[in-house]
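Once you scroll down, you'll see the structures, which are given as structure tokens.
Shared chain: chain A. Partners: chain B in the first complex, chain C in the second.
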Partner chain A sequence: MAVFISAVGFGVVTAAILAISAVGFTLQFSVTNVFNLSFGSVMTICGFVAYWLNHGGLNIWLAMAAAAVAGGLISLALNELVFAPFIRHGLNLFGMVIITISVGLIADHSLQALVGPSFFAYTARAGRAFHFADFVLTRQELAIIGIALVLTVLVQVGLQYTRLGRAMRGLAVNASLARACGVPTRRVIALAWFVSGVLAGVGGVALFLDISTFTATTGSEFLIVIIAAAVLGGIGSPRGAVLGAVVVGIVTEVGAAYWNPELKDVLAFGVLIVVLLVRPQGLFAQLATERALAR
Partner chain B sequence: MSAATQYYIATICVYVGVNVIGAWGLDLQFGVTGVLNFAFILFQAVGAYTAAMLSLGPASASGGFQQYLFGVHLPFPLPIIGAMLVGAALSAVVGLITLRRLRSDYQAMVMLVVSVVATVVAQSVIGLVNGDAGLSLIPNPVMGLTAFTRQQQTWLFVALCAALMVIVGAFMYALVYSPYGRVLRGTRENEPAIEAMGRSAARARLQVFVIGGALGALSGALLAEFIGAWAPSEWLYPETFVFFTAVIVGGRGSISGVALGAALVGVGIQQAVQYMPIGSNPVVLASMEWVITGLLTMTFLWFRPQGLLPEQRRRFARRREREARALPREQAVSR
Partner chain C sequence: MDRSSGRKLLGTTGMVVVATALAACGNASGGAGGGGGSGGKGPLEIAVFHAFSGPNAAYGPEAAAGCYPAAREINAAGGVLGHKLGCTPVDSKGDPADAVPAANRMIAASSNLAGVIGGGSNEATAVVPLFEQAQIPVFSTTGQASFDRTNDKYFWRILSPDAAQGSAMAAAAKKLGFSRAATLFGNDVAAQGSAPTAISGIKRLGLSLLASQTLAVGQPSYRTEAQAMSTAKPQVIVTEADPQTSATYFAELSQLGQVPALITDPVSQEPNWRKAVGGAIGTALLNKQDYAVVAYSPMTTPAYKTFIAELLASSKQVPQPAQWEPDLYSVADYDSTIIMALAMDAAHSTKPSVYDSYITKVTAPAPGATMVNTYAAGKAALSQGKRIQYVGAVGPLDFNQWHNAGNQFAIERYSNGKWQVSSVLSAAEINAAAP
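Coming up: the complex of A and B.
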């Protein structure tokens, strides 16, 4: 039982990191309909920004905040300089998938050429361990869970109650109708990319803190798990992404405790396949038809 | 010509052949029919492993230094045929799960997940295909021909690849230019129109998924037999992207174009990087290959999305005139 509970504890931490990232991934997708496969690379770059700041003497949490801003700006720049021009150039949904993969590969491998294939680590301490019954969580892990809670609630409240959130939801349902109603679609899309990049930044640093060593391709490798969580919850639904993250996080860590730890991601995938066979639209999203790219 | 030069040229020839066959498989799916198969490299890998296991013999025979699921020693060409059958069967399974029920944007993502998970399984379940180390000492069918010298054997394998490439190429032309090819293009261009004509777009997608999977497996089988080894690092999921780049650079749906693209991207980039003034650090060189591949894809999608040798627009002169009279705005089904 102790094994099970401590595995759930690890699962909650993984779920927290997944939730931050999956919400960012899915929010941007719901607004723009671009499957951003360079999301993992943005996470990695932000992780390295935090690494350089951290090794320059900055506290890791301040470095995380800086990485979040960097992530937002990188994501915004990618949209303004690459993705949006390609969409205006007339590329379709699948063409955009190829473009985001290209950007991801270019970013990952440029970074790899720069920093080399070695492993990196932050100079942060995990902090005091807290015991809750059989749960053992370090201060660092508790902080990550707290950040995840705050950010996901903020996104949810923002989507529900602010003008910007309403505009984003409007764009998600029908971009041209939203524009016809006076929503400044370009600005809303840019903001969606920015928010998604901020979440990628926080998620990237949290991931690298949690797994303690990372390389230039760690973010892209983790992206597959993020996609599994986002698709599981119903792609395009931030609420669903949180639920998907919790399911994937806990299933993988409990599976790792009882089974081959290297195969934990396979479990997440198994859950994904079963859910998609029963509910092809994911847990939360309505069965929508494919939409056009939002401009 | 020195033996080393000959071997170098032969190697490039084999790689071109293997890449062209594989790229045609993906082109049938992505270029002609519009199925986005992000797990394509998995089917090449399955072909490679199957050919290896069908020619290596039992694992215990070579002292058991590598473990794999099962092994028999079959004569040429049975391992290659077996590889294609297994590739087709696996494609059918993956296709049935992903293609029928899921929205097409979900399909692409699920394929990506399938590809990654397959790599993880192959790496961590050692008894399956010897884990991270991969399989080695895979026999090459030409090695048994002791009447030839080592060099002649290499060129025989080149000839085998060339012959298979010609056969696959002829098959591609026959398929794409047949009425069935029109169904495939129609599935890509206008699914409701194809359905209205009583053809099933879902079935067409599944069929090209299986055929493309078999061609991917064929390319993998040839590659594994030539290199003599096959490991998970050969088929990480970004490798699929190299085939996509080949199809985009060559020209989606264009058989000759894709062959050109496969030669340029699959082999040309790797060779070009060797001669660039960026030093000889292997990590930097390998990274540059990826960066160039990515930049090339983006450049082509911006400036020349139809590729180097674009798919020819099929003309049906008299019928088009008739339709133009009947319908003020015709819907182009066949391109």
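Coming up: the complex of A and C.
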């Protein structure tokens, strides 16, 4: 029982990190229908923004906030300058995926050329360790869990109770109808990209804090797990992304405790496949219908 | 098809053709035509075939840090049979899917390709057969067991295979007086080479194996595994894993209490590994706990001193050259390049299929052979008709029938800014651990 409790406890930390990023990924997809595979690269760039600020003397949490703003601006710029023009020219869904992959590769390789193939770490201490039942969490890990909770609740509250949030949900369901009803679709789409980028920034810094060191390609390497969490929960559903992150986080740690630590990814993706077989839309989302790219 | 569609198709086709041509030019290593060796007096190329991008992007510069100093030394002594020698980085990206096309392009496009240093553990199995087929000598640092008794004529390995490394790590644990050990290896090809013999060696030597973990590399968390290790309370962890995995794991282990002594391998001497793990748990703690078991190379030999001098003078091609001074892989690649050049001189031919059989003739101990430590000395002795034995920066190299050289092993500690030999493992100590 002690082993199970400690595995669940550790899984919560992983879930928190995945949740921040998965919500960002899925929120932007729900509004724009662009499957953005450069999301991991944006996480990495933001991680480095925080690194440069942190090594310039800024506290890591303030650096994370700055990285979040940077992430929002980068995502906004990517949409305005790269993705939106392609959409306006009539590029289809598959073509957009290729464009996002290209952007991600360009970003990763450019960043690697700039910073070199080295490893980097923040000057941030893990802090005091707190014992909970049979597991230990540090102050830093508790802070990450807290940030994840606050951000995911804020996103959910924003989507439910604000005008722009309702507009986003409307756009996610039917972009043409939303436009016809007077929803300022361009502004809503821009906001979705911005919020997604903010979450990418926070998620990137949280991930890099958690794994202690990072390179110019680390964000992209973790993207597949983030997507798995988002898809498991129901792609396009922020609540689902949180649940998906919790499932992936806990299943991998419990699997490592009871079965074979080598097979963490096998477990995570095995669960994903089983869930999708039973419920193809994921845990939360309604059954997806063919949607066009939002303009 | 109307006119505008036709123009679009023509434009698209044209762009595809241009892009394909650019891609072919971008990855090719100069020249046209096939095979290696040069009919004229054009420069010879030694391809540095490693990852220069992607997750393993540190391996390429590491190997280049061996080739460029050697090329500088060779060219300063007048080159090889009138040819200048150059190093050409070729990006394998560290995985077979990218390495195979890169190798094929390199072989097809290079008329002056004289030899290859490269083929790391991730791609060696895929690309070594290609070099074999093209009859181009390749000096590889892969430690995979599949090359321990290879029949490949053009494959050469200077450093000991992973299996011997694993036995040496177990022997080191015994020699250092530990009785309760654990093992921790990444599940990638490179790390798994030494895991079986390390584990069996620990058991064979009578140590208690309290935990034996294999980590899925590149995970965001190893807390559960670190908890299990912390609970087992070993005195020492025998380990090899890539920098990222090691840093994440040991950071989480240190948060749970204490990082015990670590017995590592040459990977831990790479600047990236030390930077990653030192950044995670603190450089002071890492230096205090780490015992690196490495192929024994008395870093005071004339050849090593020459390597250092040439390395530091190669700062235009090798950024921050001093970081590679203690890196055994860079040192081995330096020796590899020198050996290929001396073999060409001995064979009076730059044709790879001809000089390949002269590699053992310039390295094996033989009665009456003149011992040389530099390319210039070797070239001079060969020009006088003498037989030579090149004793390089990694020490004497005696290739067996499977083209494996092998080394002694030593335990090294990092102190006062450099690696120092703490003790040397005898053949008897290693054999006691070996299967």
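Keep in mind that, in the parts below, the second predicted complex is superposed on the first by the 290 of 295 C-alpha atoms of A that agree within 3 Å, B and C clash if a C-alpha of one lies under 4 Å from a C-alpha of the other, contacts with A are read in each partner's own complex, and residues count from 1 in each chain.
Everything that follows uses one rule, which is that a contact is a pair of C-beta atoms (placed from the backbone, for glycine too) under 8 Å apart; a residue touches a chain by one contact, two chains touch by 3 or more.
What you see is a predicted model; the values in this text were computed from it and never measured.
Student: With the two complexes overlaid on their shared chain, look at chain A and say whether chain B and chain C clash or fit.
Tutor: clash
Student: Tell me which partner A:Leu62 touches in the superposition: chain B (first), chain C (second), both or neither.
Tutor: So A:Leu62 meets neither chain B nor chain C here.
Student: Give one of first, second, both or neither to describe whether A:Thr138 is in contact with chain B, with chain C, with both, or with none.
Tutor: In the superposed model, A:Thr138 contacts chain C only, not chain B.
Student: Tell me the contact category for A:Ile235 with respect to chain B and chain C: first, second, both or neither.
Tutor: After superposition on chain A, A:Ile235 lies in contact with chain B alone.
Student: Between chain B (first) and chain C (second), which, if any, makes contact with A:Leu276: first, second, both or neither?
Tutor: A:Leu276 sits against chain B, while chain C stays out of touch.
Student: Identify the partner contact of A:His109: answer first if only chain B is touched, second if only chain C is, both if each is, neither if none is.
Tutor: After superposition on chain A, A:His109 lies in contact with both partners, chain B and chain C.
Student: Check whether A:Ile98 is in contact with chain B, with chain C, with both or with neither, and answer first, second, both or neither.
Tutor: A:Ile98: touches chain B, not chain C.
Student: By the touch definition at the top of the document, which applies to A:Pro117: first (chain B), second (chain C), both, or neither?
Tutor: So A:Pro117 meets both chain B and chain C here.
Student: Return first, second, both or neither, reflecting whether A:Asp210 touches chain B, chain C, both chains, or no partner chain.
Tutor: Once the two structures are laid over each other on A, A:Asp210 reaches chain C alone.
Student: Give one of first, second, both or neither to describe whether A:Leu154 is in contact with chain B, with chain C, with both, or with none.
Tutor: neither
Student: Looking at the overlay, which bit of chain B runs into chain C, 74-82, 92-100, 128-136 or 326-334?
Tutor: Stretch clashing with the third chain: 128-136.
Student: Go through chain A and flag every residue that touches chain B in one model and chain C in the other.
Tutor: Correct list for chain A: 109, 112, 116-117, 221, 260, 262-263, 265.
Student: Which residues of chain A touch chain C once you look at their complex with the stated criterion?
Tutor: 6-7, 10, 13-14, 17-18, 109, 112, 116-121, 126, 129, 135-136, 138, 207, 210-215, 217-218, 221-222, 225, 252-254, 256-257, 260-265
Student: What residues of chain B sit close enough to touch chain A in their complex?
Tutor: Touch list, chain B to chain A: 34, 36, 97, 101-106, 108-110, 112-114, 116-117, 120-121, 123-125, 238, 241, 244, 248, 283-284, 286-288, 290-291, 293-295, 297-298, 301-302, 305.
Student: Which part of chain C faces chain A closely enough to touch in the complex?
Tutor: 52-55, 57-58, 60-61, 187, 213-216, 218-225, 227-228, 243-244, 247-248, 251, 255-256, 271-272, 275-277, 279-280, 319
Student: Which stretch or stretches of chain A touch chain B in the complex?
Tutor: Answer in residue numbers: 35, 37, 82, 86, 89, 91, 93-95, 97-99, 101-103, 105-106, 108-110, 112-113, 116-117, 221, 224, 227-228, 231, 235, 260, 262-263, 265-266, 269, 272-273, 276-277, 280-281, 289-290.
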